[in-house]
Amino acid sequence: MGNLAVQDLTKSYGSVHVLKHINLAIDEGDFLVLVGPSGCGKSTLLSIIAGLEQQTSGSILISGKVVDTLEPKERDIAMVFQSYALYPAMTVADNIGFALEMSGVPKPERLVRIQKVAELLQIEHLLQRKPGQLSGGQRQRVAMGRALVREPKLFLFDEPLSNLDAKLRVEMRTEIKKLHTRLQTTIVYVTHDQIEAMTMATRIAVMKDGLIQQFGTPSDIYDRPANTFVATFMGSPPMNLVPVTVEDGQLIMASGERLSIPVGVNAAAITGGKLLLGLRPEWIALADQGAKDSFRMEIEVVEPTGPDLYVNLNFGGQAIIARLPAGESVKQGEYAQFLIDSSKTMLFDADTGMAL
Amino acid sequence: EDVEVMHWWTSGGEAEAISVLKKALEGEGVGWKDAAVAGGGGAAAMTALKARVTSGNPPTAAQIGLMGLQEWAGEGLLGDLSATAEKQSWVKDLPPAVMEGAKYEGKFVGVPFNIHRANWLWSNAKIFADNGLTPPTTWDEFFAVGDKLKGKGIIPLALGGEPWQETILLEDTITAVGGSDFYRKAFLELDMGALGSEQMVKAFETLGKIRDYIDPGAPGRAWNDATSMVLTGKAAMQLMGDWAKGEIVKAKLVPGKDILCTPAPGTAGAYHFNVDYFMMFKAEGSHLDAQMKLAAAIMDPSFQETFNMVKGSIPANTAVKGDKFDVCAQQAMKDIQESVAKNALIGALQGGAAQSARIQGAVQDVVANFFSSSQSAKDAVAALVKAVADAKS
Amino acid sequence: MTNANVVTANLDARATKSRQRQRIANRVLVYAVLVFFAILFLAPVYTMFLTALKTMPEIQQGNLFALPQNPSFQAFGHVWSEACISVRCTGLRGNVLNSFLMVIPAVLISVSLGALNGYVLTKWRFKYDNLIFGIILFGSFIPFQIVLIPMAFTLGKLHLAGSISGLVLVHVVYGLAFTTLFFRNYFVTVPDDIIKAAKVDGAGFWMTFYRILLPISWPIIMVAVIWQFTGIWNDFLFGVAFTGGENQPLTVALNNLVNTTTGTKAYNQDMAAAMIAAIPTLVVYVFAGKFFVRGLMAGSVKG
Amino acid sequence: MSIAKRLRGSLPLFVMAPSLTLIGVGVYGFIATTFVLSLTSSRMFPKFDFVGFDQYVRLFSNDRWHIAVHNMVIFGGLYMVLGTLLGLLLAIFIDQRIRAEGFFRTVYLYPMALSFVVTGVIWQWMLNPSLGIEKLLHDWGFVEAKFRWLVDPEWAIYTVVIAGVWQVTGFVMAIFLAGLRGVDTEILKAARVDGASPWKTYTRIIIPALRPAFMTVLVVEGNLAIKSYDLVIALTKGGPGISTELPSTFMYSTTFNRNDLALGASSAVIMLMTVAAIVIPYLYMELKDDKR
Amino acid sequence: MGNLAVQDLTKSYGSVHVLKHINLAIDEGDFLVLVGPSGCGKSTLLSIIAGLEQQTSGSILISGKVVDTLEPKERDIAMVFQSYALYPAMTVADNIGFALEMSGVPKPERLVRIQKVAELLQIEHLLQRKPGQLSGGQRQRVAMGRALVREPKLFLFDEPLSNLDAKLRVEMRTEIKKLHTRLQTTIVYVTHDQIEAMTMATRIAVMKDGLIQQFGTPSDIYDRPANTFVATFMGSPPMNLVPVTVEDGQLIMASGERLSIPVGVNAAAITGGKLLLGLRPEWIALADQGAKDSFRMEIEVVEPTGPDLYVNLNFGGQAIIARLPAGESVKQGEYAQFLIDSSKTMLFDADTGMAL
């Protein structure tokens, strides 16, 4: 089955350089999630892996074989298109069953498999409709169904759940994971949903402007971001970055507040430089009045999201966001004491943005 | 064995006439494959014929005019009919001009059906009688008669304003101005002096004057619509070849009685003729036999009689007696004898009995342009000289 | 309800009514324009029809727009089965089969090839594809008159001279540029993504064409069929040049019936003949109309 | 690369091969032949005795040719403009979800079905002052009415335009209709929300989306205009005089009626070159920005 | 300006009944979020409000006026389409400026406004491209731009941020809120993102199968769902529903575990019936060993999402999910003690699903 390697891949549209020397390698059975800002080249990368677009340079290897000259169908992949790309003249059932038909699966078996996938996607009642008669989410599920009904070497999913409601999305996520566990197929998956990325991936690649910023396991990415871009990109609300300098083995903010150096960082090595302290919102907690090492901050905005409160704080002149459990009594405009978990905080070089 | 025949006699009386030939041949065991192509006075048929010859698949025989026959023979594509001609003694039975046209380098290459006369004036007898007039014999008379008719609200001359019909008018005025000798010099010998002469200018002036005696609807009108204007009394006269008789007969009128036939003004004694030949492509074996049978059948007097009675023309074979024909045809048979004697049997330009298609076309352009514009006769003559010189080269 | 509310409601009602009136006016305008042009377009045809119903003397009276005094369909029957076209007195009937034998294969082949070319030129693009398209397209401008002689020569060499197959070949050659043009310019508007999806689904070249593209191409297939059918059915030049004898298509017969030079003319029959000769084409138009459907690509791609 | 793979890579060319062969021989081969013939003095049949560019000299000193070219500009221009506008108009109106769509569509297409061999006669009659519209107007009492385009050498070419437009409009409509049916209905909704009037919706949204259809229409009309032969022959036979001569009629009559094959060939070459001068830049413009 | 009322609206496609007697009314300046499972009729409702589809019955009122016969442009609305519906032949700038052009805004002003919106959406560098040359998220932003550039009475947004990355989405959310605050335009907004719904809405309508399930403020919907559908639909992971009966003023699970009745529920009124106890994942917390009123549960699956852990628990034979802060030491397969916050729990009738 299929491991996948992307070697020094570039792609340009005329003078627009969309992918710049991408290198990636995942093992058979890996679940690679691609994330990155809109327009960074994720879909383009998938298209090239699928053989639908021609790279400008570089190679794609599937199962160790260079596939650059192979037709998509010879690469044995299934793909969910970001734009769905449903066959407008076919019914939903035919859309889903088309690939099976092409690979010569006999009709009775095909019907069974279509039915199964349709149930999984909760679109059994739509099987006889044409794509034009479906809602947006239903179309997206048909697009999914077209891929899920197959058993290829490699699955490519381009934001397959973006138009589904949260509940369905959770269910689909579970189904995809089950499928992955069952088939052990290699998967490349593009998503903007962080929970999707974190819970499904065995590997995450964070891209920006056609470059890979970090490639690692989900916890690498979340807990040890390689640079400020990754740090602020993953996580919502994003990691707070507070400018600090080092003095006497302590971090000092412009306002004079002193914080302890993150655990595991060698204070001597960094003395003098301009730094950024990385602080995820959930690393900030409400402290009891007068607790040790706590900071007094002004509560500027409180946003309840249901399970949590997002709280905009003024921390020594610096705006930061904290995520507190719903029900904590914080009031806009008041002051409170907050704790910062220095066992988790990170430091970045303010100029290069690289983690220390 | 079959013969395949290309012609443009496809409808009405002509089609019936050609069927007679088909039957005659079938009587001799020769089948008839028809490759008729109508349109454009045979132009479409010529196009098709060229394509067929090029593809190496010529028909057995094809209809053609006098000068066309010479051109085709010049390409070396035609067979030799001399044997049949000998047997049927064509030399004796054909008027000399018609016979010369049928020969190329001394051999017979075509067989004639008929002789058309182009210089007829057809007049509505009732109109003339009612107004106490007689059909004009000169152009001066024509204009005088025309003025009177115009006064009565009758269109003097029915004309179809197509280049070929206008060219017939020019032929008539040329003979009227300079006689058949001048005509011969100009159109048969292409004498540049004659073409550019004062007489030619005069002929064009006369032609230009005729425009005052036609109706505004003339341009583009088909010749038979013009004929029917005479038949229905809307117009008094038409200058047209003898094929107009077909329309007269069809309208249940009698040529020579209801519709009078006289030579075109100023052309009495001259006979503007054209001939329909069948040219025969080279053939071999049994096909050649069939071809010879076809040639013989065409020259057969009884066929020529039947055919020409329908067609309106007179037989090419002078052995045919004229007694079954209408008075106009009988008149034509008489006139042709006279004209041969007076050396006034001259090939009509329009109809391909005088010049190659190239020159005929060049003259047509000049005439058509002159007729539909305000060009002076002098300029038209100059244009004529230039066009003919170019086409000759 | 307060007074003010009543007033607004009335105003609303009035506004609604005036809007409805506006809408009706728009509809009336649309129909008026369509009917106006329909009349303009039909006027010559109507005159033809009247003429076909008249007798010759009546036609010669020259009252073009007058209704026939004794309308008779006799001319139609006559040209269909009795009229003499040269030596054969079977009317147009005799040549109908030839025309069908010619038009059906020629349309099928040229439309199929054109569709394939359009497909390749838009969805399987290769180097210089646009150049090739340009070359094909420019070729359409070749004057038919000028190819007659070289084509006759070629057909002779291929032993296709005078046959219906030869004629089919000629019509295919000179129809290709057009059918390619129609399909190419239709297929460029089809989103590439669905072709890509088919590739991923394992559909090959032919399957993608047949299963994905064709079902959404009905309108343009019909345009191509209309064009080719009409052009080939009504073609005279090639028909007359490349067939002989019994193989002549209907148009040549129609021409022979109508286009006499020195023979007599029967306009009523001419008109009837033209109308009869146009019937198959008309049937194609009516049939093709059903395929000008809306929303063929609905729901296919997002964006 | 394996042979199979190379074969597959050339599949597109392979599929197009029959068409390209046919066009290569039947079009470009014959264009070359024509060019060669134009350098000879061929009359009735091809004859390969080269005379250089003599035929071109003859062509350009020929009045008929000049008239033909002049007419082509008037006729071609008006025909294409009117045919396109009218066809587009009818397509748009037919697309308004009307009743009897099929009826109207067929009516507009019908003229195309009729052979010009016969409809030409009807047009002649209708436009003839003694028979047609002018007479009708006189009969209705408009004694002063004059409609003499057909018989006036200055105006006759415009009657050819009328008849030509009458014939082509239906087909143009069909092409546009096919294009309109392919326009995504969602963007029409967006235009409505954006406050575009129907007029603006068409001019700004739909017609730009019909660009490929326009190209189809223009090429088809250009072809018909250049090849209009039946039309002129049936309607005016090039008259009055030679005032409605077109290159196509010139070419035909020169080549076949007058047995001047080489001159006909030279006129064809000049015509093709003129077409190329117009079409090639146009195609370049249309096709260049559709590169991937 | 525009308040909006939807009165007894129904819509059918043939025999498919998509909307069934919808009633809604919001005030001028309200921000209504429509949520509901895929295919429930949200987009259809927007289309009818916009005047793009004809309802089968019922009425739409904008600013108190029945607009049923009005053309979209007369309703003075701006809309973001779920399918984007960009004008393919126009550049991005023209796409955005089209509506302005239609309403006769002079060119210089138009350019300024296009520029401003493009900056806001971070697509300035794409203004001269055609839609075909954009990535999915970029297209979606253009679709947004087309609406945001205008100042209509009513904004209709159909999942306008679904294809954007989390970071951008947060920024866009803020921009839309700012816009709303500045213009005080009424907004109807479809989203599947719960955070979007909760943080932006002044009103939420939860739909299912063409019916409105609950219509209220965000906290109504989240804290007091009207029925089990709303309860499980809003919130991710969804609210746990545990079957219980009432006995002796206490809730009893099938396994015999006893829980206290939610605060504010009258025990007497509900005795005997079959009930469901609603329990949001974040209402479950890890208890100190042996804490009072805590429950021992088996930890079946632990999913780290970054800031949180989703923990699948076995609670007396019942599978439930808890959301715990990241860093809590829970291990798959072990047992632990958990607290349940009965000041928040809810009870539903097991048969009707209605909240008590």
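Observations on the structure shown:
Think of it as A, B, C, D and E in the order they're written, each chain with its own count starting at 1.
The definition used in the following text is that contacts are C-beta pairs under 8 Å (C-beta built on N, C-alpha and C of every residue); 3 or more make two chains touch, one makes a residue touch a chain.
Molecules present, by chain and UniProt name: A, E = Multiple sugar transport system ATP-binding protein.
Worth saying up front: this structure is predicted, and the values here are computed from it rather than measured.
With centres computed as the average of Cα coordinates, no chain lies farther from chain E than B. A count of contacting C-beta pairs for B-C and for D-E identifies B-C as the more extensively joined pair. Each chain gets a centre from the mean of its Cα atoms; for chain A and chain B, those two points are 93 Å apart.
Chain A and chain D, compared by their mean Cα positions, are separated by 57 Å. Chain centres here are Cα averages; for chain C and chain E they lie 54 Å apart.
Averaged C-alpha coordinates give centres for chain B and chain D that are 37 Å from one another.
The multi-chain contact residues of chain E, meaning those touching 2 or more other chains, are 82-83, 86, 136.
Along chain C, residues 62, 148-149, 151, 236-237, 255, 258-259, 295-298, 302-303 each make contact with two or more other chains. Across the assembly, chain B contributes 39-40, 47, 50, 54, 222 as residues in contact with two or more other chains.
Put simply, chain B touches chain C in their complex at residues 4, 7-16, 18-19, 22, 32-42, 44, 47-48, 50-52, 54-57, 59, 222, 224-225, 228, 231-232, 234, 241, 243, 246-247, 250-251.
Taken together, the chain C residues at the contact with chain D in this complex read 30-31, 33-34, 37-38, 40-45, 47-48, 51, 62, 64-65, 113-114, 116-117, 120-121, 124-126, 129-130, 132-151, 154, 170, 172-174, 176-178, 180-182, 185-186, 188-189, 205, 219-220, 222-223, 226-227, 230, 233-234, 236-237, 251, 254-255, 258-259, 267, 270-271, 273-275, 277-278, 281-282, 285-286, 289-290, 292-298. Within the complex formed with chain E, the residues of chain A that make contact are 13, 35-39, 41-44, 82-83, 133-138, 140-141, 158-159, 162-170, 192-195, 198-199, 218-219, 222, 232-238, 280-282, 303-308, 310, 323, 325-327, 344. Residues of chain C that touch chain B in their complex: 56-57, 60-62, 83-88, 148-149, 151-153, 155-156, 161-162, 236-237, 240-242, 244-246, 248, 252, 255-266. Residue ranges of chain A in contact with chain C, taken from their complex: 47, 50-52, 71-73, 77-79, 81-90, 98-99, 102-103, 130-134, 136, 139, 146.
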